[in-house]
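A, B, C and D are the chain letters, set down in written order, and residue numbers restart from 1 in every chain.
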């Protein structure tokens, strides 16, 4: 599977520790990680995944790789600005949202549009106009969040064909 | 000014009546209206604006004009799917959110990213990770919502140079 | 109809004079003009159209209106960088290419993808791998180029519903 | 490095044989391959790269992975339609163009905009308005084309940080 990690550049040390664990857990279980490729939450998640031997993909907003973190293995340079936020939940089989500000909110919205499972770790709380809460499921630990992603993702989703 | 109207295709009759009034009020005050160009809220807002003699712009997701409503004066055909949701709040000087589902949520997120004023009429309620509510200001009537848009928009924003 | 004008920011005085005439002719015949909204060819085409009383739409690459020319009536702010080049030929019923560099080449390619008629005024010459030349039809004057656009565009294309 | 392969879905057997060799050569030299992820040229290039043990990235136009070829290791699902053509040359350190129709022409244009080296194998011939030919360098063999990509790419470009 490819699991998305969404979260901001301005993040607390607690959030960054959680992001590292999420990335580590994703890779330890044999999944690839996709994120926005920048700093804060994104950097720590990539670092965790790389230190567990996994693959990391960064969907960058700018026109070159100058703003990516050093733990992105495959930088995808979009030049699309914030519109690149549509690509991460569209590509991932499931996403983990950690904290986050408005960019993360847009990625949650696109994950809902794409019907992808969303595990939340201290992230946005949303109430739709009719009073209903959309399926952003809160969890207390990275392991539980990844358990949910594995359980809820469509079988045979955007799976990674592994070379090695 | 250009004022954005965001809201879904599946809408109640009450929401559509509100959308018509919002569109009418936007045009009556001499502003142009921008929206997603499709049906439901978008169609009624465009109808209201056209019947008050105003200009309407529809930012369409598909590859042609087949899915637009008949009250769009200037259809912009993006072929970008849901990524076109970034363009409406980026272009508008202020936006009015009416009801709405996940697409509307993504447009609210992009309006927050772009720092545009957002007036809400029975729309999403949001609480950020830290407990703070982002500036989606609720109003009871179309007129009050447009009052807020006019008051809060940056002076000399994306103003329309009028031919006539 | 909506007619697209594609061409660069670095343009000769001859090209700019042609662009002005193209814009003027588009508006004089009752069509709206769409272009990239910036300077050089785009500015002169918009100026021509506005001075003939027509509507002009500018599809801007940046995140605000700071880089648009003053003859754009409806600025569409995409924040998509060069990817906005897909929108102009997709929206237009036909395009006129004037001179141009790589950005114009990308817009010609997207007009070919979208199957839109392309009139060329001193623009790119292209030979496909098999030796065939794609339908970029060269003309000597703005009037002939617009004649071709009117003749070759799909009937009832992205027509403009006029308010006044 | 990441090397892009651009070319169409409708391709001759000769072109597909060339595409396979290009993909194989890219991977044999330790580079990752990026392409549009679909069939024809894209499929054969991915097959060549995978059979030489390399990584392959497919930038897909649709909203899911249903249209990708089975040799894409990392599918990036954009939902952007043809606008995804901007991402491949933006991400690649250099591109190889093989045959191709209008989509390939748009990718050549974006590679020129991004200033990336372009090696051509029986691809488009272009003459700019001023009479100048843009730097799409023709080669006779896959090995020569990749030699050129390695030589001409910016040092320390979008290099791949390898885990293993």
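Please note the rule applied: a contact is a pair of C-beta atoms (placed from the backbone, for glycine too) under 8 Å apart; a residue touches a chain by one contact, two chains touch by 3 or more.
As the structure is a prediction and not an experimental result, all values here were calculated from the model.
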*Residue numbers at the subunit B-subunit C interface: does the shared fraction exceed half, giving same, or fall under half, giving different?*
same
*Given the two chain pairs A-C and A-D, which is bridged by the higher number of C-beta pairs in contact?*
A-D
_Intercentroid distance (Cα basis), subunit C paired with subunit A, Å_ = 40
*Calculate how many whole Å lie between the centre of subunit A and the centre of subunit D, each centre taken as the average of the chain's C-alpha atoms.*
27
*What are the residues of subunit B that contact at least two other chains?*
63, 79-83, 86
_Topology of the chain contact graph, where touching chains are joined (line, ring, star, complete, other)_ = complete
_Give the list of subunit B residues in touch with subunit A in this complex._
80-83, 86, 99-103, 105-106, 108-110, 112-113, 122-129, 134
*Would you pull the subunit A residues touching subunit C in the complex into a rising list?*
63, 79-83
*asked:* Touching residues of subunit B toward subunit C in the complex: what are they?
replied: 2, 32, 50, 53-55, 57, 59, 63-65, 70-80, 86-87, 90-91, 114, 157-158, 160-164
